[in-house]
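Okay, got some structures for you below.
Shared chain: chain A. Partners: chain B in the first complex, chain C in the second.
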Partner chain A sequence: MNTLKLYLRSMGMLLKSHLQYPASFFMQTIAQLVMEGGEMMVVILIVDRFEQLNGWTGGNLFFFFGVMSVSFYITEFFGRGVTGDFPAMVRTGKLDTLLLRPRGILTQVLCSGVDPRRITCIAVGVAALVMGSTLSGVEWSFLKALALFEAICMSCMLILGLFLIEAVFTIHSVKSVELVNALTYGGRSACQYPVDIYPAPLRVLFTVVAPFALTQHVPAAYILGKPLYGWPGWTAFVTPLSGAAVFCIMTILFNRGMRFYRSTGS
Partner chain B sequence: MSYIEVNDLKKTFTVRKKRTKGQLFREKQKIEALKGVSFSVEKGELVGYIGPNGAGKSTTVKILSGILTPDGGEALVDGRVPWLERREYVKHVGVVFGQRSQLWWDVPIIDSFSLLKDIYRLSKPDYEDRLKELTQALQLEELMRTPLRLLSLGQRMRAELCGSLLHRPKLLFLDEPTIGLDAVSKLALRDFLKWENKEHGTTIMLTTHDMEDIAALCSRVMVLGHGQKLFDGKLPDLLERFDTVRTVSVKYDKEGIMPELPQGLDVSGDENGLRITYSPADFPTARLLTALQAAGNISEMTLQPENIDTLIAAMYKEMDL
Partner chain C sequence: MRAYLSVFRMRLRMETQYRGAMIGGILCQMFFGLVLVALYRALYAGKPQALPIEHVTTYVWLQQAFFRMLLSSDPDLLDKIRSGNISYDMCRPVNMYWFYYARIAAQKMMGSLMRGIPMLILAFLLPKGWGLMLPASVPGLVMAVIALALGLLCICALENITMGFTMLTLDPRGMQGVLNLLMITFSGNLLPLTLFPDSWQRVITALPYAQLLDAPIRLYTGEYDVAYAPGIIGLQAGWTAVLVAFGMWMWSTNRKRMIVQGG
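This part shows the complex of A and B:
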């Protein structure tokens, strides 16, 4: 409980820091809106041109897009320490100061970054979700709402887990490794669309290595009433747990990696 | 058993060299930052740790504060191995890096302190007592509502000190605390450290390049060079070993008096009097003074040891650092 309190207080303080520069904050938030709005325009244009994609209607596609946007940007909003600031922490030696405190490193890394500018991206995602579910005529039930909630939570853990891969590399090599971005940002761009539109290698990648298909597409397809690969309904509640699994594995590897950490400078 | 017990501590860093033309892979180079350093420190001691850049000072501090794991050797602080039980260990340790801030940049420093209270799980009355004590001692009351980024370097250093002492550490490491501070801030900082050491019995280990810090604060000094301990003892003893040159300035009440001095002394004179540079090892000070007095009435005289920094430079040179 104490840890949660610490996290919330840290968040509050970081938000305060961001608001020290209101003009910059405002502009960047607008920029984010334009950026994510642009992403959504792409989906709208695709829907406008093709109407259907491998059996998914336009409404379905908005829904998939919405799930990804909301999960990804919630992660970036609250987990900025892991998704963005970690390489800089290693490079500048800020990580050293975290090591001097009687708290877990991952906790402190999470406590040291927040990115409130992403609020507009999340808003775009929510809009896509509403639009998608309305257009697809989803009849909401408790189970469906639960599936959506679980899908988003587990996707957030998965995304954090994937960013932790980069963090582990950073610990060893001090400079960040761009290759991992193929999984994180690449995964976000690719898995805005349901995984079954892709050829087999990509499907394997996003099911086994970075299981966005399991955390998002299976439950989203269940909510839309068109089960992915015709899998039974209960899978929509089980497969997302792979997100938590990835997060746990990466947390262990991260803590192990910290043992090899060598700090920089004097 | 001493409070800090360090035995044969070793640390090697692997650095990749820049690739030369025609080479496929970069060559790796091993740099031995510490080659078996041993020392012990008693509770309540104030120890200075000096050495040229790259001697391994910061590496030692980082190992002893639990940030780095050494490659060999042992270290026990208060019965604990720093890098094995980091979370338990750092509860009782404070570290101040002169070049690295541990507080939050954009918020008032009081907010930083209150977050540190949560990080260290301090109880409210305990925290408030300590904060009051520290803010008074460090004269921070007026600055509590100012964001860190608006503070001057000296003020910032005081805030950093306050932050790293809130949890009442028994051991405080200071890595170049006076770097870039003006004279007044330096003096205030030294006074504070003395006070903290005396009042709470805090053991303090200080790395610095400023010899005045050592002279003013430390009863004991360790010299590190090339990853090895070269000297461990009192500052005057260290200086004596390298104290080769002193300067005497003399002014007589009449002009043109020239004392009879033995050969080999460097004498220069102008309207302000004579300046004589000599080495106490070759020529006892007492004999020189007798010779000077015999020549006439002295109206003014000063005896100066060589500047401490010059001495240290000479020492580094002699030890081939």
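This part shows the complex of A and C:
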């Protein structure tokens, strides 16, 4: 509980410091809005030209897009320490100071960064979710809302876990490894669309290695009433747990990696 | 003129230094390209379009290959603007605009060629319908290369305008973010311009952003007939001249009202 309190306090402090330069903050937030709005526009233009994608209607596609952008940007908002700052912390030796304090390293890394500019990206995602569910005529029930909530929470854990892969590589090699971006940012762009449109190798990658399909597409398809691969309804509540599994595995590997951490000395 | 050429050559050599990081970058970009190609193939399977799928995949690969040309800025200049060290540059006996124009041109050219050529070779080896197709004709290829060179000149002028805004606001992230997004959207990086609604085509292909990569790609795929090439190249040159003039005006006004961040 203490840890949670610590996290919330650091978030509060960091938010305050971000808001010290309101004009700059405002501009950056607008830039983020334009960025995510552009991504959304691409989906709209694709739907306008092609109408449907492997049986998914335009509304369905907006819904999938919304689930991805909400979960990806919530992670970037609250997990900035892992998703953005960590490689620099290793390179500059800032991580050393964390080793002196009586708290877990991962907790402190998470406490060290927040990115409130992402709020507009999340807003675009929410708009896509609303638009998608209205257009697809989703009849909301408690179970469906629960499935959406679980999908988003578990996707956030999955995304954090994937960024931790990069962190572990960084601990060992100091340099950040660009190739991991294929899983994180690549996963985001690829899995904005339901996984069943892709050829088998990509499907396997995003089901087994980086299970976006399990954390997002199975529950989203259940909510839309078009089960992915015809899987039964209860799977929508079980498969997202793979996100938590990835996060747990990566946390263990991260802590193990920290044992080999050598400061850059600067 | 000699001074700018030697700056250009120095930056070219500088760009060839980081080869390790490049391989990771190429593989990553290849992966993004494959995902996009798979997406467009799935879309085409549902509703084939007048434009053949080979043109779309070629478009995707050329865009991915020259991505570094679109999004890369001079890190030293950004630092100098923030720290105030830009005042040293004012002491140099050269025109600041062209000095940085030569630097960014070299950086964008070498950066994109070093990544682009290996990527295009790899993309060319992919099976039909997935990879890069051969150019429509030899004159088309020649015109596409000329248009690409002009596109480079145009993008450097745009980059200097973005830098001009950074000099005003000192914080690169806001305005630069918006301008870069406009660029990657309307240059066809997010979605090929050929797949934008047909009614938009006349407007978006006339914008400066379409001159960077879209025009060369369309000459390569044969969507623009070689007979129209002089007109297209004229449009590119026209935009470049306008953007350079605007950028030079911005930089000289900024110079007069510049407040150096002392340190």
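Assume the second predicted complex is superposed on the first by the 265 of 266 C-alpha atoms of A that agree within 3 Å, B and C clash if a C-alpha of one lies under 4 Å from a C-alpha of the other, contacts with A are read in each partner's own complex, and residues count from 1 in each chain.
What we mean here is this: contacts are C-beta pairs under 8 Å (C-beta built on N, C-alpha and C of every residue); 3 or more make two chains touch, one makes a residue touch a chain.
The structure presented is a predicted model; accordingly, all values stated were derived computationally and were not measured.
Contacts of A:6 after superposition on the shared chain: chain B is touched, whereas chain C is not. Touch criterion met: A:17 reaches chain B, while chain C stays clear of it. Of the two partner chains placed around the shared chain by superposition, chain C is the only one that A:186 touches, whereas chain B remains out of contact.
In the superposed model, A:31 makes contact with chain C only, not with chain B.
Legend: residue contacts after superposition of the two complexes on their common chain; A:145 is shown touching neither chain B nor chain C. By the touch criterion defined above, A:252 lies against neither chain B nor chain C after alignment on the C-alpha atoms of chain A. In the overlay built on the shared chain, the residue A:88 is in contact with neither chain B nor chain C.
Note on chain A: of its two partners chain C and chain B, the one contacting more of its residues is C.
When the two complexes are laid over each other on chain A, chain A has no residue in contact with both chain B and chain C. Residues 21, 24, 26-28, 30-32, 34-35, 38-39, 41-42, 45-46, 48-54, 175, 177-179, 181-182, 186, 189-190, 193, 197-199, 202 of chain A touch chain C in their complex.
By the touch rule above, chain B contacts chain A in their complex via residues 13, 53, 57-58, 62, 65-69, 86-88, 90-91, 93, 95, 97, 99-102, 104-107, 111-112, 115, 118-121, 147, 175-176. Considering their complex, residues 2, 5-6, 9-10, 13-14, 16-17, 20, 93-94, 96-97, 99-104, 108, 259, 261-263, 265-266 of chain A touch chain B.
Contact residues on chain C toward chain A in their complex (touch as defined above): 21, 24-25, 27-28, 31-32, 34-35, 38-39, 42-43, 45-47, 49, 169, 171, 173-178, 181-182, 184-185, 190-191, 195-197.
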